[in-house]
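This structure is in structure tokens; I'll ask about it shortly.
Labels A, B and C are assigned to the chains in the order they are written; within every chain, residues are numbered from 1.
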């Protein structure tokens, strides 16, 4: 308990230290930054425009988001957008996890599937998703059955899933393959089939690998949602807000930081929620040491 | 709130006999077999063939997805522009990788030696690992100017530094009890312990971090171009080709960026395998 | 309850056959307790242990798992400190002896550095203590020959079998010509055939280097074959039940050959050790069983 408290205090101290460094640089750093050659800045400009005071960033959160009368504070606007992005990311995460686990199972079951697919799964993550985002939207526009129409929201969630499935597939595969040969052979001598072996041995053994993968997937889903919102042009979420608020940076430099804080919050909430799942699956962690 | 990420780091040193890290670790050069090359090639060929047939047979609009042959034509026709774009984006990604790798490794070394620094870094690392780094691009552009590459390099460096930091830190803590006790029995100085045992143990982990970060570096440098800056890189080229409705060309640029990301990945993978070649098989 | 006390003492059988009055004992452990405290639990790993090893003498520690053999050896190696009592090595504190590099050590796991070749693993302690390259090379050649691995100097540990790795570890322990060797079940992971061969080698190595040895094992024949004296221990709390001299018809520990394995004296000593291990006729052991 005392350790927790200490860790929390030190963590807060770390954040304060970064903020202090920021403002120290701003106070003593060169107005026009540090140049290399003609025009390449290697240290930033220390002007109010380029680097608003940290307290300005915080204060800005509590001022109205826009000049309109009755506009909500920036904090409220950011929270709204965060909730929206979080809900999309959650859907993307769920789809990604299901797909990732299915792929991991497939690759565990068939060696040839692993050999043939794993490189492509790795390759899939080198595709800049911002390039495929508009494409997904266009594909989605073709889909329509009954009362269901494909919204841009779904495209964003799909792209989130595209990032989220990767750690799950790879981590799941490693986990499912983690039981020692002796354990697998033991199951074989019991005359137990592949599915029973999966349920009694491989799945529990994969938990220690799956949990960090699920957490990574949550962070990836958030990142995917934010970036996809930008490139698809979906309004209402944090991604779009980053771009919009950055445009007003000329007159209101602190405002651009509000959605960034929001993005951090969304990511932490997502990862934290998956962390709670970890607690529920804690008993299976034992498999790690039994091996 | 930071518990989610911090447990990943601290749980690893709490339970000492923590085995391998979760992702593709424990790869070895000797694991590369012919089937490991042929099978994915077959899958790739089948995929491209099916794609071509579908586009030809169903008469799919290039607006939806252009045929591989059309993309190939554009690849050949615009190859010098594509290579130029790869050089611009690749240079940012490479500089970002070097900078981020350096920051990640140095940070991890400091954190592993000074517990207080380690704990102070937890929320910052947690925040950086869940935030889309490219979202920082706009504010970085106002800090460094959008016309020069500094902002894009910093984006790539930030994206790289986190996985490198986490993996290096993990590696620095992997020193086995036998090795630690052996060094103690030899009355080795702290510097000797670091040089003979800690660093060699951590090296494969550093490269694991770099490998995970490699394609991230390319993608981050590329996406950062979407938030502003001069024409020249792949990211800008993809958008401008798409906005002038030249979809095969846009796809040709996408192909260029995939090749670039793959090149980064393969190089770091080979370096990683080289350093891990004598690591005990897990 | 502390009835095992009388079985041990400064003048133990076996030491009398050697001249110990002039020089310090290689190891002198007097009245040592080691208690591990973990939250509420308390494990008495060693209780009132007194034992000594003369220069050039071979002493084995034997007993069931968890009786504190490793703990005792680690106290001598200064890898751990006693809760009470004193440990001296060549008349110095264990810490000073470690600083002076008065002993070589081999663990149950070979503990070779996987990224170094076999030869440079053997040279490691020499390198750490500033021995020049050419001298190191010469010494590792010598030692490779001693352990019968002259052709493997340039291999990496992962290319060697378990037995070969263990021989490298022993060569490494001998690198600095220590007057004392500490070995914790060094042959524990080996098959019986390799094991007997390694035992013969160890006899030869000890004869050639005339080092004192503290040797942990849970094989009775191994302990008897190798030792001048066998220290029999019992668990919970870990303490010395009896110290059985192994000599007479078998000669000193330097004179053992394969014939000894068939000698009547050998079988007799094995039987004595076994009796003490199983406790029946021994007062001290019965006291333990009644707890």
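In the analysis below, contacts are C-beta pairs under 8 Å (C-beta built on N, C-alpha and C of every residue); 3 or more make two chains touch, one makes a residue touch a chain.
The structure presented is a predicted model; accordingly, all values stated were derived computationally and were not measured.
> Report the chain whose mean Cα position is at the greatest distance from that of chain C.
Looking at centroid distances, A is the chain farthest away.
> Skim through the chains and flag the pair connected by the most C-beta pairs in contact.
So the chains sharing the most C-beta contacts are A-B.
> Could you grab the centroid distance between chain A and chain B? Build each centroid from C-alpha atoms only and quote it in angstrom.
One centre to the other, that is 15 Å.
> Could you tell me the distance, in whole angstrom, between the mean C-alpha positions of chain B and chain C?
Each chain reduced to its C-alpha mean, chain B and chain C end up 49 Å apart.
> Measure off the straight-line distance from the CA centroid of chain A to the CA centroid of chain C, and report it in whole Å.
54
> Pull out every residue in chain A that's touching 2 or more other chains.
Where chain A is concerned, no single residue meets two or more other chains.
> Looking at the complex, which residues from chain C come into contact with chain B?
Residue positions touching the partner: 77-79, 98-99, 101, 103, 105, 107, 109, 111, 113-115, 124-125, 128-129, 156-158.
> Considering only the defined contacts, which chain B positions touch chain C in the complex?
Contacts found on chain B: 176, 178-179, 181-182, 184-188, 192, 196-197, 200, 278-281.
> In the complex formed with chain B, which residues of chain A make contact?
6-7, 10-15, 17-18, 33, 39-42, 44-45, 49-51, 112, 115-120, 122-123, 125-132, 134-135, 138-139, 142, 167, 170-171, 174-175, 209, 212-213, 215, 218-219, 222-223, 226-227, 230-231, 238-239, 242-243, 246, 249, 253, 256-257, 259-260, 263-275, 278, 288-289, 291
> For the complex, give me every residue of chain B touching chain A.
Chain B reaches chain A through residues 1-8, 15, 17-20, 22-25, 35-36, 39-40, 42-44, 47, 63-65, 116, 119-124, 126-127, 129-132, 134-136, 138-139, 142-145, 147-150, 215, 218-219, 222-223, 226-227, 234-235, 238, 242, 250, 253-254, 257-258, 261-262, 265.
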